[in-house]
């Protein structure tokens, strides 16, 4: 089947992720949505690699995973600290800084 | 045999003619600045692991400063070696460019970071806890604010000396960011310098809730934006079949068509190119804090520990604009007529929004945050000039601006009351009466921000606007002038507050800093005035560094 | 000789400088020093006069350029003097009468602790006045012109602690400024027309310029003259100017300064002769003023104000004469001189009366003073006879000639002017007789002054009487001397030129008519004030009388139109400046602030809304890029 | 190279500023004397300039200095003076010492702030700083160089206005402080906006020169010559736009209606000496720059804009005068009077006749001196009574005759009485205007009547009439104050009677400017009277 469909899927996933970021309150969930977006990117990369018939895209996908992992480490650490000090992971509760 | 042939695909290799993957060829010497910094960072981790707690502070400070200095020396050596001009080329298999702009920006970043590290290492400002001097970072980042664990940590005299390796990692990323010559490197570098910053933001000793909140916001939004950037990268890759700048540029300029005619459907498809380009741009604009991707700036600048804010405000902007320049001048020059109008719009709204919103701010750090947004707008005006002059003017502006910002934030760290830094403007009333010197220094920085002649701010602004005007962006100059006028209003407001209003009884005190912060501020003032009065030498530097390698 | 001219001006100027800057130590010697310097310049004048008589009629004029004043491009103004018969006449009048009045003031101001400054101002005035009449170009004349204005301002307001005095001084200066405006515009016109404003080149070539230009110049000069010489419509200040010490009124507001206008017109004769329309304007102003002043003079009970009105009217005669052109110039000046004598004498007399009556000015509270101050009575009386034009006395000759010349204008115009002049003569006779009767005849009507004590009138000291006597001689004989085989005419003719007027009525008829109206005027006055007792408080009087008391409502007009109007204008402008001009500025600032406040709200602290803005931004970015490609 | 006299003249006060600022807090008096000494040194140098300057020399500028500075911006460090500049420098250098003397005690600290708070040192240092910047902006022949100091000048001025109030508004009370800082901010922002708009024009000028001459330049000489040689040809619309950019800034500084509203606030709130510094010294830079830069860089545009500017100037003259009449505050009254006078100056400049421009330049000098005299005496008066309201005074001449006398002389100079300096210049301006625009000339003449009105009303209300209670026992001028006023008055008299020395220096410069604008004086109807004589 036409690999271009995978692109549409990637775009769809990306949009879902983005939408999630915009509507969900829980920091963890938002973060997961971001991960989803990253993976959408991965899918796009792989698909393009397939289309172009070169390996770059696949390699990049690996890089992305590593980066995502690193992000998880930092991200979770931060989210956990704030959860411990506020007993809530809702980004809307963190509203001291404004105006 | 046929079966093997039939299943030949990307996934398997034909048994015959096993291909050798050649080992990549890396010019370590030319990458030395980055390598030194990252190496030092790793060393720093080891220090954390193996040295006893009491010596860590000294060791880390020393290590960091030495590393940055050494890296700077390496940059100078490279520049002297002609890598800025004649021998400029893309090193590490085209992953990293070693050319004028790269070296100039790396040099700037290194100097700025060095000065910033001084403020990181400052331990005189906060009153000593249990007889031990403390810096502006949390005793134990993981401990709940005000909880037992924190008290114990403080009693035990913990200090978060990890900040130094973190800074080094961030710097390492920033060094690569403007030099990145392919999109992958760009993305990785972006993350390498963003992640440590997220952590640093969370580590304030005072007002920890604010600090953590700023970290969360910065992190989430940062991750969000980098996802966009990555998707942009993916699309560009899809468009060109490669992620190297030069490769993409060739395709854009229609020089090369990709190999396989069967893929014409996607390759060279302009929609991919434009959308991808836009998304990558957005990722970079987020980092430089351009409207409408600026919303994180005020919150993060306010919440983060002030030394970190200074470091971010100065270094991140340099790195971000470096990358932006390279992307626009190397990858997308063929698309100038597509992105220029868009950037015009961005520059205009950035200048205006930054200036206007700043007018009603009541917190010094937020005020500076918005002013940094306005300045991002000014720099963008130079970026869209799309002339070598534009590049060099931007480079100059970045150099000038970063030192002013750093100095300003260092002064902010000095003005303190019981609750730590007194950043609310009302607290600054009459500062000029209490401690004229501090107030005068801050006034100098404000005037530089406002672009009063004889300060670096004016030289930079003039350079940028001049380039814009010659690049045919006259309207931008007008808007720039108008927003400078608006901006002048709030800088002046602060000066009025400091000098012409009566000091409050319970007003803040100005802590007497150690040599570290003092020297940071002194350097800031010196650079501000020198670049203001005799900018020619640095303009020449920037001018020579105005050409990108392809 | 040339150098003497400079000294002539310098002497009093020096006096002014010394007296005003030199501190208290000069308080006692000051008056005499001032008087001395005035006398010195008079002496110099006499010397120059003698020298001038030595020469023939044509080459009597002396020209001397002292130094270049303002040399700029084509614009050259020098400090230079031009002394000819005309200016010489004035020099003698100014310094002569001036010295006498200095002397008089020594006595009059004896008890004033600020008399040093008073004499300083007097000297300053002399200097300025001499500069005015000696200048050889209009710009320098302008300097003297404003100089005398300043001196008169300072002297009118000499008793500054009296608000009325201060106001009067300010009013005088302001009204004069309006006139000065005319003079300066005239100078500009001269410069643009002739490229210079020195007398000789301008007057020699006046006829080369277009009549329109000349008329404009002449009218502007007339405006200036009106201001300085208190002619309608700029006469309002003279009455109030009587707030000043009496010697000042005598010197500045009777004998010399107020006649500067006549000098200006006579001096610029060439211009006026070439602009008939302007001349018509001049004679009209003259005629109107001579009636106006006379009428006002009839109604005033304040002796000085009455005299002021008469001054106005007499100067009206002069202006009228000057407006008649070569026919009249000589007589204008002649009347000016004789008037200088008798009017100064009258004022000094009035001063002496006030001196004796505790500074009472209301004539209704005088009466029967002839026994108490005989010298004053006699001198004043002679002055009176002179001014009403009693045959044989100065006024008779000068005024009579003017009336003749007025008729000589010919046509209806001539009749109107002549008629006006005659009528004026009648009224003059009336109000002067009134003054005379009220003051020196009839029963005592003295009232206690502020301190509740009745005045004990007494003759004034020598210093005061001597000048009065001298001036009295002048008022008696001057006219005769001048007229005997036209001495004065021959003297001035080379400068002003002269042509005989051909009056439709013979000179004799005119004289007879004058005599007739004179008698009528005196008779009416006698009927009113000589035969029945005079009420101490003025009766309500007819509408005309009441109007005349208020200077024919001219002040009220000024007050309503100019003062009130001006106040409203300024007040509204202050408002405009604050709300409109400044409002725009502050408004802009405020609006930026408001905008900022609103935009600030967008920064609501919710990470998700930030994300939204980023997402939207990205969308816009993409859309825009694609759009750019599309178009 | 020649001896850098011009640089030195600007450098001395700058050095003095630093030195004064460095004087320790305790040694207040020492600081004052030090500052005074430096200002006198500057005056001496200015005098040397006057002597070394040769009015009849060829070429527009003398004592020139030229060094490379910022090549990238096409900026050179180019100094040079023409007759106008050298005279104005002398004026500034002359007034500063008097300003210092007059403000001798204005900056003595009321409340003791931190031990490091040194208002006195600051006050005098700032004055010297302003002097340095004013001097160099008079000397600069490089547009950019001029612009830099034209702008930088604002900062010390701003601190002078906002930092030091007159005794009238007791430095302590908050309301006065608020008003003062409002005035200071208004001053700064107004001028900053003007400056920024000029900056746009400056950049535009660079762009034009850069793309026509190959390398951008700001050198007045170079540009003028290039235009004369036809190498540089600025499109009409561009030239007009640039002209407006420049003119706007100068009109704000001058100040010209309707950009004037900052002046009354600034002069009202600042101490009298500072007010003098503003109107007599700093604002002159604006009118000077119109002559030097607007006319010479953009002659055609100048001619194009003349009608409008003349009208604005006329409005300024009448408007300023009328508002002066309406003021209740002595210093604001003087401020509005100054607006009226600046109207005359601008009028003279744009009348484009040699009389007008000589008059205008001479006017700058005379207005400086006369306003200084009037304002400083007013300051002395105010410091005695502690109020700026005219209504609070009355009968002063009875108790303090000398003060009253000097005040009157100052006032008479302000209404340009013949015999005092301002008369000459004002009349020249009027004649110059009249000979090109008769109507304008006549309207402007109304100004002299109004001037008499506001001056005399002011004098009458404050000095004459019965003595007010609060005024009783008011001391007369002290020696120091007399030492300030007397020389100024003497100068007014001298320049009024014998202005020739000054006009001789100004004239060639004016003629040069006129030739730049390709303007000749209109000829009189009846020609060559001189020949006829």
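First chain written, first letter: the chains are A, B, C and D, and each begins at residue 1.
Keep this in mind: a residue touches a chain if its C-beta (ideal position, glycine included) is under 8 Å from a C-beta of that chain, and two chains touch if they have at least 3 such contacts.
Everything numeric in this text was worked out from a predicted model, so none of it was measured.
*Asks:* Between C-D and A-C, flag the pair that has more C-beta pairs in contact.
*Replies:* Most contacts of the two pairs: C-D.
*Asks:* Taking each chain's centre as the mean of its CA atoms, which one is farthest from the centre of chain C?
*Replies:* In terms of C-alpha centroids, the chain at the greatest distance from chain C is A.
*Asks:* Find the most central chain, measuring centrality by the gap between its CA centroid and the centroid of all protein CA atoms shown.
*Replies:* Central by C-alpha mean position: chain D.
*Asks:* Chain C to chain D: how many Å between their CA centres?
*Replies:* One centre to the other, that is 37 Å.
*Asks:* Taking each chain's centre as its mean C-alpha position, how far apart are chain A and chain C in Å?
*Replies:* 97
*Asks:* Round to the nearest whole Å and give the separation of the Cα centres of chain B and chain D.
*Replies:* 46
*Asks:* Taking each chain's centre as the mean position of its Cα atoms, how many Å separate chain A from chain B?
*Replies:* Whole-Å distance between the two chain centres: 23.
*Asks:* Find every residue in chain C that makes contact with two or more other chains and list them.
*Replies:* 589, 600, 603, 605, 607, 611, in rising order.
*Asks:* Show the residues in chain D shared as contacts by 2 or more other chains, in ascending order.
*Replies:* 189
*Asks:* Check each residue of chain B and list the ones that touch at least two other chains.
*Replies:* If we look for residues of chain B contacting two or more partner chains, we find 216-217, 220, 224, 228, 298-299, 489.
*Asks:* Please give all chain pairs that are in touch with each other.
*Replies:* A-B, A-C, B-C, B-D, C-D
*Asks:* For chain C, which residues are in contact with chain A within the complex?
*Replies:* 600-601, 603-608, 611-612, 615
*Asks:* Give the list of chain A residues in touch with chain B in this complex.
*Replies:* My answer: residues 4, 7, 10, 14, 17-18, 21, 27, 30-31, 34, 37-38, 40-41, 44-45, 47-48, 50-57, 59-60, 63-64, 67, 70-71, 74-75, 77-79, 81-82, 84-86, 91, 94-98.
*Asks:* What residues on chain D touch chain B, complex-wise?
*Replies:* Answer in residue numbers: 68-73, 113-114, 116-118, 147-149, 151-152, 154-155, 158-159, 162-163, 174, 177, 180-181, 184-185, 188-189, 192-193, 196-197, 199-200, 203-204, 206-207, 210-211, 216.
*Asks:* Flag every residue of chain D that touches chain C in the complex, lowest number first.
*Replies:* 186, 189-190, 257-258, 260-261, 319, 322-323, 325-327, 353-355, 358-359, 395, 397-398, 405, 412, 417-419, 423-424, 427-428, 430-431, 434-435, 438, 441-442, 445-446, 448-449, 452-453, 456-457, 460, 463-467, 497-500, 503-504, 507, 510-511, 521-530, 532-533
*Asks:* Under the touch definition given earlier, write down the residues of chain C that touch chain B in their complex.
*Replies:* 589, 592-593, 595-597, 599-600, 602-603, 605, 607, 609-611, 613-614, 616-618, 620-622, 624-626, 628-629
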